[in-house]
Amino acid sequence: MGIVLDNLSKIESLPGGGLALATSDSLINWARTSSVWPLTFGLACCAIEMMAAYASRFDFERMGVFPRPTPRQADVMFVAGTVSKKMADPIIRIYKQMPEPKFVIAMGGCANCGGPFYDSYAVVKGVDRIIPVDVYLPGCPPRPEALMYAVIKLQEKMRKMTVKGGLGATPLQAAGSRKLI
Amino acid sequence: MTADEILAKLQASFPGLVKSEAPVKEYPTWTVPAESVRVVFERLRSKFSFDYLDVVTATDWSGPINPKGYPQSPAVAAGAAAAPSATAKDIFEVVYLVTALSTGMRLCLRCEIPRKEGASVPSLYGIFMAADWQEREVYDMFGIHFEGHPNLKRILTMETQQGYPLRKDYEHLPDKFD
Amino acid sequence: MTKETPTAIKADQMFINFGPQHPSTHGVLRIALTVEGEVVIKGDPDVGFLHRGMEKLFEARTYSQGLILTDRLDYISATHNNLGYCLAVEKLAGIQAPLRAQYIRVLASELNRIASHLVFFGTFAVDMGAFTPFLYAFREREMIMDLFEMLCGGRLLHSYVRVGGVSADLPAGWTEKCREFLKFFKPMLKDYDTLLSGNPIFRSRTGGVGVISADRAVSWGLSGPVLRASGVNYDVRKADPYCVYAKMNFTVPLGKNGDCFDRYYCRMLEMGQSVEIAFQCLDALAGAELTPGEVMAKGVSKMLKAPAGQAYAHMEASRGDLGFFAVSDGGLNPYRMHVRGPSFINVAILQEILVGCKIADVVAILGSLDIVLGEVDR
Amino acid sequence: MTEEILQPDISGPVFNHANGRLLMPETRYWPTDMWKSPWSLPTYRRGAAVLAGLITGGAAAAWFLGEIGPRLAPVYSFIEAYALAYGVPAVLIQIFWTFIKGGILLLAPLVNALFAVWWERKISAHIQSRMGPMYVGWWHGVLQTVADGIKLFLKEDIVPDCADKIVHWLAPVVVVIPAILVFAPVPFGNELVFADIDIGTVYVFAVGGVSVMGIIMAGWSSGNKFSLLGGLRSAAQLVSYELPRTFAVLPVVMLAGTLNIAEIAGFQAGYWGGIIPRWFIFYPVVGQVAFIVFLIASVAETNRVPFDIPEAESELVAGFNTEYSGMKFALFFLSEFAYVLLSCLLMAAVFFGGGAAPLPFLEFLPSWAWFLSKVLILMFCFLWFRWTFPRFRVDRLMDFNWKFLLPVSLLNIAAGGILIWLLS
């Protein structure tokens, strides 16, 4: 639906267009924040805490988070675990397969900066070296509540998105900071 | 049938087999010459029913760690060891641990091979299938060749990995991710 | 991505990457499947996607710092790794943990075994398509996580077992809560049986699938429930008892024909046995002769210098025979620390048993082996 | 030399408990007492409230719609007279009126999809002792599906480059159009049916079979090996389960004597001995067997667990809709729930007597209220199956159909014939 989003900002020139644009922004952002579909993609220990977050005690689905197995239908990618160099290419490929607007939550110390393996020869020191990251979640492994807090932080970021910013993509992506190696 | 009786029986046909002086604690440890590793294991398996291969691993005894092997300097000075020359020998030591499930006996065999490029040990692929991946891992980490292994290639590290990481003198060449 | 489509592929065959990112590979394992229609012709697993160079890092850490790395090996049963590491270092340095610490170690590792088998039960059911058992298994597991959180602050990675003993004694009120959980958990096992074991669709999906005969299992060096499902009676807690397992009386469940269902059912019965062992430990700990508060061996400093030598210690982790081969040259850091990961050795047999089964069976067999990629790739 | 133990000199306030650990709060919330009796659980009570609220809300909405419909007859005739007087040809009015009825009929699958997705997520949550969507709408996440729909509408529409573009774009269309067309002959109450055509059942199974083509096109055109496998599996499954499904309805058609679904529903009015309603499910052997075979086959038709091998999550990532993102994926989701609703409507009409009340003294409720409650109960069973059964394997599924379901349905037709011979 890129066509819709591209030309939607043209209605601002119409009388009262600004108001219409603002309300459409809030509606789009409400829809995006209340149905965050993550990609079930666990690498290491943080994946087990992610599964615990989906389980019945910390039920993630209360917030509308519904895990999807295929990158085509996912909005968010939880990078949960250590990113090893052999795994870097598949992660970049999966990130490219996800439709716009896409977000990344780097979960756990290993995904943020390499964590306890900061001096290992086989680990990428942080997933933001290969894909742009929206929310960094510290902890090793972070508690399920912390993961929910990261999703809430991501939702706050989504609410700041505007259609005028181009394609309704995230403010980060709009600034073209996505340099993929 | 204690470990020593088995050792005595085997020493008749393998003169090189000798009780090693630095044993693995609580395990009868023998030193085997490199070329007769496979034959000894066949004999152990057929005659003395040592049918379960626990561990195949190796150690590089060539002195303390080279700090350049780590992309960033680790927290503790790498290899804050005793006098470096005390234990340094220019050898690879390949260690096998084998168990007899029926009698519950455990045995450790180790063999020392010189630390040059063509260092190789006969593979146990045919006798124990467990050796398949463990030997590939030892090759991946140390560069020790196992003759007779059908597909001896890297198993854990990337194809584009230069050098063998667990060697003490391994230097890490920064790639696009560092 | 390692792009290697084998050249010898015929027209009606298809090469599928059961890729590093797949809902049912329990992490990052890639199986290169050559498939004809639904039947697998050749499948060889490709590991290393979570390789963090642990054994290289051990050589740059002191003995107490190395403990933190062992948590991340088999991250579903962290206490087992810590215990294996500490047994090896204690054998190397000649330290003996006090008796109370040994009882607490056995209790913590049995609780962790239950938690690990619950994760297996949940994910194996999801692989078969039944989503609900996953939620029930994790509901009970959350209670064990609460117990560990009270014990050592960490839910998943504990670092509770230290070289020479245990980091701290049981907090006040912990034994009552543990007893309460064990009493609550015992009848739950019967619920799981009715929920999944008795289900005809589940029996038809797992019965007779991925059969491993006893001698192939021994030749491939398998260990843990995978080996015992093929009928080989080898449990390190009985064969080579460590800590106070010699004093515990429990039975080791054995399977008959080594198929997916036997591997599943061995783990369910093991959970029942773990509850029995935990009860015995709690009774012993409540007894008078173990002086409370004395849980750490005397004179074990953080900057431990083990005398030169080599030692190998192994224990029965939830996935199999987890062994640590420690070599010391008298320095602060271990000179060489090799980890015998049971999952690394168990996953190798996939090359043999995947031939001729269907794609749905690949998922069943991989789930029944219950591997953890942290321990496979180290 | 003795090893001096390096004591960490921690300065500053440390809340040092007896054994050097921070004080654990005793009043820790411990879940075990929660599990004493399920009714002590807030989620359990709230789940019951959801179910109760749902049935009354659904009935109220349907009552409102049902009452207004017949009241509009005079208004319609007045407009028609005015238009005729104004000189508009009668045919044009007829076309205009079918467009309006068509529009109302289009609401059935759309509103159902919105409601059924939310209902399934709530039922699955409460079955799994958790709460499901809570925060999106103002009460129990009622707006969850609306939010999902809008978000999917606004997602980027990816067409993989190695995909066959036209077929990839056409597949959801071919799946959704039959899913909506198929509701024409199905009655929603005694006289609430869109097109009262005589060959209703044949029309339903024929048009329902077309969407199999769409799924195969989706599977093949996505250029993804997993979706290809999903597409081929769905071709095998849907075609083979079509047979027992049609044969299950045959004895009912033989007994009722007509193919028109509305008349079949009407045929089941009245009671045996004043108590047992003359529904086909209560016919001695023929009714029960036919209903069970039809239920199993329609669960397989709608690709739902335990027959969801085309989009098996754990084997084929997401089966035939692996490569579909955004609105196209939503269309597949919509058509799945449209077929679930269709199966429930058919079962209610054919086996449970359409608008007929189960007991004579319950006649005061209007026909579509009974019809709607039967459909909701049957749909609850569909959704309930999904969260209790594991998944079949492909060949077991085929064996189950060809070696068990089909012979049983054929025998059932023979039994139907014997029953007719006995009754006459």
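Per-chain residue numbering starts at 1, and chain names A, B, C and D are given in the order in which the chains are listed.
Just so we're on the same page, a residue touches a chain if its C-beta (ideal position, glycine included) is under 8 Å from a C-beta of that chain, and two chains touch if they have at least 3 such contacts.
Here the structure is a predicted model, which is why all the values come from computation and not from measurement.
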Please report the minimal path length, in steps, between subunit A and subunit B on the chain touch graph.
1
Chain ID, smallest distance between chain and overall C-alpha centroids
C
From subunit B, the most remote chain by mean C-alpha position:
D
Distance-wise, how many Å sit between the C-alpha centres of subunit A and subunit D, to the nearest whole number?
32
Distance between the centres, which are taken as Cα means, of subunit D and subunit B, whole angstrom:
61
Taking the mean of the C-alpha atoms as each chain's centre, how many Å separate subunit C from subunit D?
41
Two or more partner chains touched - positions in subunit D
31, 128-130, 313, 317
Show the residues in subunit C shared as contacts by 2 or more other chains, in ascending order.
23, 48, 51, 53, 56-57, 60, 135-136, 139, 142, 377
So which bits of subunit B are touching at least two other chains?
69-70, 74-75, 156-158, 165, 170
Could you please write down every pair of chains that are in touch?
A-B, A-C, A-D, B-C, C-D
Complex contact set, residues of subunit B against subunit A
69-75, 156-158, 165, 170, 172, 175-178
Looking at the complex, which residues from subunit A come into contact with subunit C?
40-45, 47-49, 51-52, 55-57, 69, 81-82, 84, 86-87, 89-90, 93-94, 116-117, 119-123, 140-141, 143
If you look only at subunit A, which of its residues touch subunit D in the complex?
1-2, 4-5, 27-28, 30-32, 34-35, 55-57, 59, 61-64, 66, 68-70, 72-73, 75, 97, 99-101, 168
Over in the complex, which subunit C residues touch subunit A? Could you list them?
1, 19-21, 23, 27-28, 48-54, 56-57, 60, 68-69, 72, 75-76, 119, 122-123, 134-136, 138-139, 141-142, 145, 155-157, 373-374, 377
Contact footprint of subunit B on subunit C as seen in their complex
2, 47-48, 51, 53, 55-57, 59-62, 65, 91-92, 216, 218-221, 232, 234, 239-240, 308-312, 314, 321, 323, 325, 327, 329-333, 335-336, 338, 340, 344-345, 348-349, 352, 377-378
